[in-house]
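Note that the chains take the letters A, B and C in the order they are written out, and that residue 1 is the start of every chain.
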Amino acid sequence: RIAEMAKLTQLIDNEVFRAYATYATIVLLKMMLMSSITAYFRIRRKAFANPEDIPPGKGENAKKYLRTDTDVERVRRNHLNDLENIVPFFGIGLLYALSGPELSTALLHFRIFAGARILHTIAYLTPLPQPGRGLSWAVGYVVTISMAYKVLKTGLYL
Amino acid sequence: RIAEMAKLTQLIDNEVFRAYATYATIVLLKMMLMSSITAYFRIRRKAFANPEDIPPGKGENAKKYLRTDTDVERVRRNHLNDLENIVPFFGIGLLYALSGPELSTALLHFRIFAGARILHTIAYLTPLPQPGRGLSWAVGYVVTISMAYKVLKTGLYL
Amino acid sequence: RIAEMAKLTQLIDNEVFRAYATYATIVLLKMMLMSSITAYFRIRRKAFANPEDIPPGKGENAKKYLRTDTDVERVRRNHLNDLENIVPFFGIGLLYALSGPELSTALLHFRIFAGARILHTIAYLTPLPQPGRGLSWAVGYVVTISMAYKVLKTGLYL
């Protein structure tokens, strides 16, 4: 048991893997933040998706709270965009971290991706004029493809 | 080759990792179940998203099957909420399982999360009055943040 | 440090894990491709979700570009379906690859899943008449459940 534990702990002791774990956790937490922002706007704008979510005591007016709101929909599009981009980063990044990259190269990938996704959210929610959001999306996209290339170059087995 | 295999098998032999693998698989299967429930309601309520999905021989009436249905949309919102919450659990939970937590603490996190997400689905599809669904969502959310805290405390490498 | 690196490299040297890494990367890249296809159709069909995405200089006409388009929505449904199915494959597949399956059995699972998801996208975007898309979805679904069964049989720890 102790020997096994030691072995697992070594994985988290490896610097590339620790860097991956840190940045993957940061971007996943950032993605989770979108749920809270959606809830905040739904309550503030009184725009709910489910009848049971409408605060009680609204009587005849209750139905009009069952509606979409442009700000709520904006946060939701941002959240979905996170899912579409952070999921590939998490998956390909994990395999990349296990493919033996240089620590400095790996850190470069992880830091640029995390920075780009944070900028993407700022650009989406402000909103900033384009191409701010488009560029930050593209940077994260290219970083993930670069990691995928390294994974396939190192371990291709079809 | 055999030595390598042994090494990998040790990962699945580690109790914390086995517990993670079990609960992660359970919540991912639960999430997959939403696809089948959506298909069931689409067929039963005759509410399809694609023209090619409408059963043939409907003639002039075919177009009216291309519609949204409140129950179908409810299942779809539940499914998307699963993606938004089970993806972070899977990712952060994997890193947490590799960060050397106590078995009993890890089991507590995994069991509470899985239970909360199963209750969340029951609350969403019944539907139960609030705050049933809201609380079960919040419990899963807090469990994931607790695991993220452990990962960052153990392995922070910026 | 070098000993640790060697250990990690052994993971990517394991044939089952390399096969998993290859096919997981391929299906994640395929999923990422949907973002580009969505962007292509949004620009070509002039159907945008955010006011700031509309090309400048449209004057009074700008508002009419803020609309949904059937082809854009089709690609988006395909993308969401990928998330719903490729995420469980990635997660359960990772645990499956670590559960010590036979190389030939593992390759069979990974190849069928990847093939089914590529066919699913072709069937969705062409679109091909049903049950083409339905069958390719079901094949990927069953492959993932088969891997989940192996994970739970090998490592169940409740």
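Here is the rule we go by: a residue touches a chain if its C-beta (ideal position, glycine included) is under 8 Å from a C-beta of that chain, and two chains touch if they have at least 3 such contacts.
The structure displayed is predicted, hence computed values, not measured ones.
In terms of which chains touch, the assembly is arranged so that all chains touch all other chains.
For the self-contact between chain A and chain B, the two sides draw on mostly distinct residue numbers; the shared fraction is below half. Each chain gets a centre from the mean of its Cα atoms; for chain A and chain B, those two points are 16 Å apart.
The set of chain A residues that touch two or more partner chains comprises 7, 11, 15, 17, 80, 83, 87, 94.
Against chain B, in their complex, chain A makes its touches with residues 1, 4-5, 7-9, 11-12, 15, 17-19, 21-22, 24-25, 28-29, 31-32, 34-35, 49-50, 52-53, 79-80, 83, 87, 90, 94.
Within the complex formed with chain B, the chain C residues making contact are 7, 10-11, 13-17, 74, 77, 80, 83-85, 87-88, 91-92, 94-95, 98-100, 127-130, 133, 141, 144-145, 148, 151-152, 154-158.
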